[in-house]
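Input: a single structure, listed below in structure tokens.
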Amino acid sequence: GRPLVVGKHTLASRLIVGTGRYDTMDQMRDSLAASGADCVTVAVRRERLYDREGRNILDFIDGDRYTLLPNTAGCFNATDAIRAAKLGREILRTLGNPGADWVKLEVLGDSKTLLPDPIETVAACRELVDDGFSVLCYTSDCPVTALKLKQAGAASVMPAGSPIGSGQGLLNINNLRIILEYLKDDDPDYPVIIDAGVGTASDVSDAFELGADGVLLNTAIAHARDPILMASAMKHAAIAGRQAFLAGRIPRKLYGTASSPTEGVISTRPYGSQA
Amino acid sequence: GRPLVVGKHTLASRLIVGTGRYDTMDQMRDSLAASGADCVTVAVRRERLYDREGRNILDFIDGDRYTLLPNTAGCFNATDAIRAAKLGREILRTLGNPGADWVKLEVLGDSKTLLPDPIETVAACRELVDDGFSVLCYTSDCPVTALKLKQAGAASVMPAGSPIGSGQGLLNINNLRIILEYLKDDDPDYPVIIDAGVGTASDVSDAFELGADGVLLNTAIAHARDPILMASAMKHAAIAGRQAFLAGRIPRKLYGTASSPTEGVISTRPYGSQA
Amino acid sequence: GRPLVVGKHTLASRLIVGTGRYDTMDQMRDSLAASGADCVTVAVRRERLYDREGRNILDFIDGDRYTLLPNTAGCFNATDAIRAAKLGREILRTLGNPGADWVKLEVLGDSKTLLPDPIETVAACRELVDDGFSVLCYTSDCPVTALKLKQAGAASVMPAGSPIGSGQGLLNINNLRIILEYLKDDDPDYPVIIDAGVGTASDVSDAFELGADGVLLNTAIAHARDPILMASAMKHAAIAGRQAFLAGRIPRKLYGTASSPTEGVISTRPYGSQA
Amino acid sequence: GRPLVVGKHTLASRLIVGTGRYDTMDQMRDSLAASGADCVTVAVRRERLYDREGRNILDFIDGDRYTLLPNTAGCFNATDAIRAAKLGREILRTLGNPGADWVKLEVLGDSKTLLPDPIETVAACRELVDDGFSVLCYTSDCPVTALKLKQAGAASVMPAGSPIGSGQGLLNINNLRIILEYLKDDDPDYPVIIDAGVGTASDVSDAFELGADGVLLNTAIAHARDPILMASAMKHAAIAGRQAFLAGRIPRKLYGTASSPTEGVISTRPYGSQA
């Protein structure tokens, strides 16, 4: 299938994985490998780059294998997020990593639910775009905010399926459908990536079956009982969901021989259309 | 991972696929290959074995590659189903196919919804078991009927996720959980296979994530816009779901930092237990 | 609105309530009154008719106010259920209560889940109908079994929304829709009563909005923190749901100005049809 | 039960109904009466106050019976909404209606989905609060925006269950639970009113059962086949849902005798707590 294109980057795998919350650096490294991802996201706030033994997470991520996507996790206002984005750019430029030109923008509204702040996110996105960044914006599933972010120049809008680390999967299919309809109207290649909320493999497939272009996840792998096996599950789930979307699923009916499907809207594209 | 064992048969893939409803025999053959299945089920009523041009479906299924699972599709009472099962055994014995000793029992309640008839199914199961068959029983998601079938000697109970061809996926997770709890209590290796209702890839993953041992499907591939691509999606979805089940998913919470999960029962086994 | 007619009985309220599981007889009596029901069901096995202090439950139910519906709760095979039905008839004849001619048939499959046994239920229904009873049959949400019960002469089929006492509401809307379609086809007045599984008021409304003719419940009131207040909630929920069904709800859409509804099947009757 | 208190207003009914989209003024008047509401909301943009025959909607609403809640429907930015709010105040002052001191603030993000604009809503709320208004803020189900609105001084936050006129009910229970937890933490009487998305009676009960203090709806009544009957359904559904919330529902379990409930979080208050 076609690769995922975001800004200047072309990704063979449509799964982007995080690097936080692992028990050990070795476990992280092996999980990244098992996930099949070729892009990994790293929090660039200094306190997150080093583990308890003072080792730098970047020493455990093969820069030849993975494109790094710096993120602004842990920032609660536009100012902090912009500072973190610039720090990430500086670090990656020093490393010669091609991820220096993009950033995953994450501006949180509070420390309890880790839900995004729409106002600060839009403000930070505008400023980072002006500063030349290719911005991938983490946001809620609010279609109005999603559209504002695209209009602000975001290279990708990344709606949450559910709160970070909640494992609830996609809670509001209706809003995600509206976002896909909004952002891809007259611009079908605009990348929409579901970020946050994945709990298990079928959640990843659900996202692709709706028409999402990519999925970003972290806790569902890092906190599984067996992270490496779960990483492999997620790899297969991404392929399964994307292929199922492209293959054009059968309609849902009350029973197989019923004359009409139970839902008029199965996906954002008409049944049988070419993706 | 461990293979799926049903009766004397050991299957490398946990996906069993049907052979009906394809546009052409070639499309069927290529879809079977793409699905990764090593077991395919074939209706043995004479009118279903031949296509419009008089070609026998069995000539398009490589007997060295696939174990055949004869099924009694199209039967509406125990007598007809038993007759069809015996015919299947006879045909497969003639072909020297190892599938001669087992049968997928399907006794339908009516021709409109294609839902199974619990009373006729239990009666037919008893008689086929007595006759030496290894019986895989298609049934509804009713836990009481499922238990009766196991007690009648079924080699596997195969509850429907939703009506045949409906594409609704798993409609009653609660009943499926009770079935898994009932049938695997003190007998964790007893094979439970979800049969019927799959619409798309994530439905297959859902079944395995619940703890099912296998999934049987047909229409979701055969009537997809691109059956071969959908077959590949199903292959990956089976691996994804099974691995995710074994890997032990994270609990669902209201938000990531919440102190207690929103559901006490995530799977039929305690979180973190070995499968 | 029109009353609910089952056999010879005409009920002003479409809510039928049970009499078990209350802390005290007084609490039961007051909850029945608050529910607005004019029909209450009573288990007729001897051990259930008396409380710890040896008082007979029937002394706390005003026979002038309520029609009694004897039930066979606690029976696990057809023989026991038939015996209990006859005992109930005898008791109510002695009391001169008009409920002597009908029975709520309940034949359970096991003591853990309290799910109904389809085979024993059909057998008992046939025999009780032959014996002149007006039989209201508790059953699962299996459409094939529901149709068999109607064909066996049941005065009403009473599918479970979910297991007795589970409080899960209506778990399989699809099956309930098929049951309504099956049983009311060419016979729109045939009474279908949802029995078991109600957890709270909205579950009762859900049942009526689907097109059910009545709802029977017990635990959701008896085990609520405040049973009398919950009984009142259920009274209003039954009215709300029935009126909403008759009033013809708006279709579901992705958003209000969308051109097509998201579901083709909102109820078992076309939108806007007269009930 | 206790009345709903918002700002200086005390409402006997917890249902607030709109006045738009009716076929005729008479139908509107009769539906308002049947709903049992004592507060009705009216759009104050001039083009919405008059019907095709030039009659003023306010002439059909008995000012002695109903408290009017002016709303800013049809406004797409803060400036327009503020202007509409002031116009409403002026009109109601002239009429001597007590609704002059409050406003339902609605600032929409686009004309297709009628979803609210979080940034413009927060800005308008701040300015209206500064100007002395008691502001009831229509918003999405985003908890971060909801909290910002409360912090901006909103007298009530009114999250949408689903898009205006969509009839989808409550799409994201998880977010609504977080909003209730956020806004009522240390302030249990703070009024949260579900506004928009109701399709039928059970949706209203769902909202109250979650712990909402009120529900505002319009299309579900005005566009029902029989608006007056649906208005009555909504009246009962509000009572049913509120009473069920106060009565403390039973927990959900896999089956009735299961040892643990399937969900740890049934409501925003511990099971059995006093509301």
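Every chain is named by a letter (A, B, C and D) in the order it is written, and numbering of its residues begins at 1.
Everything below uses one rule, namely that a contact is a pair of C-beta atoms (placed from the backbone, for glycine too) under 8 Å apart; a residue touches a chain by one contact, two chains touch by 3 or more.
Predicted model only: the values in this text are computed from it and were never measured.
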item	value
Farthest chain relative to subunit B (centres taken as mean CA coordinates)	D
Proportion of interface numbers common to subunit A and subunit B (over half same, under half different)	same
For subunit B paired with subunit C, centre-to-centre distance based on mean C-alpha positions, whole Å	34
Distance from subunit D to subunit B - Cα centre to Cα centre, in angstrom	48
Set of subunit A residues in contact with two or more other chains	113, 115, 163, 166, 168, 174, 178, 254-255, 262
Contact footprint of subunit D on subunit B as seen in their complex	174, 177-178, 181, 254-255, 260-265
Subunit A-touching residues of subunit D, taken from the complex the two chains share	109-110, 113, 115-119, 122, 140-145, 147-148, 162-163, 166, 168, 171-175, 178
Subunit A to subunit B touching residues, read off their complex	111-115, 163-168, 199-202, 204-206, 209, 219-220, 223-227, 229-230, 232-237, 239-244, 246-258, 262, 271-272
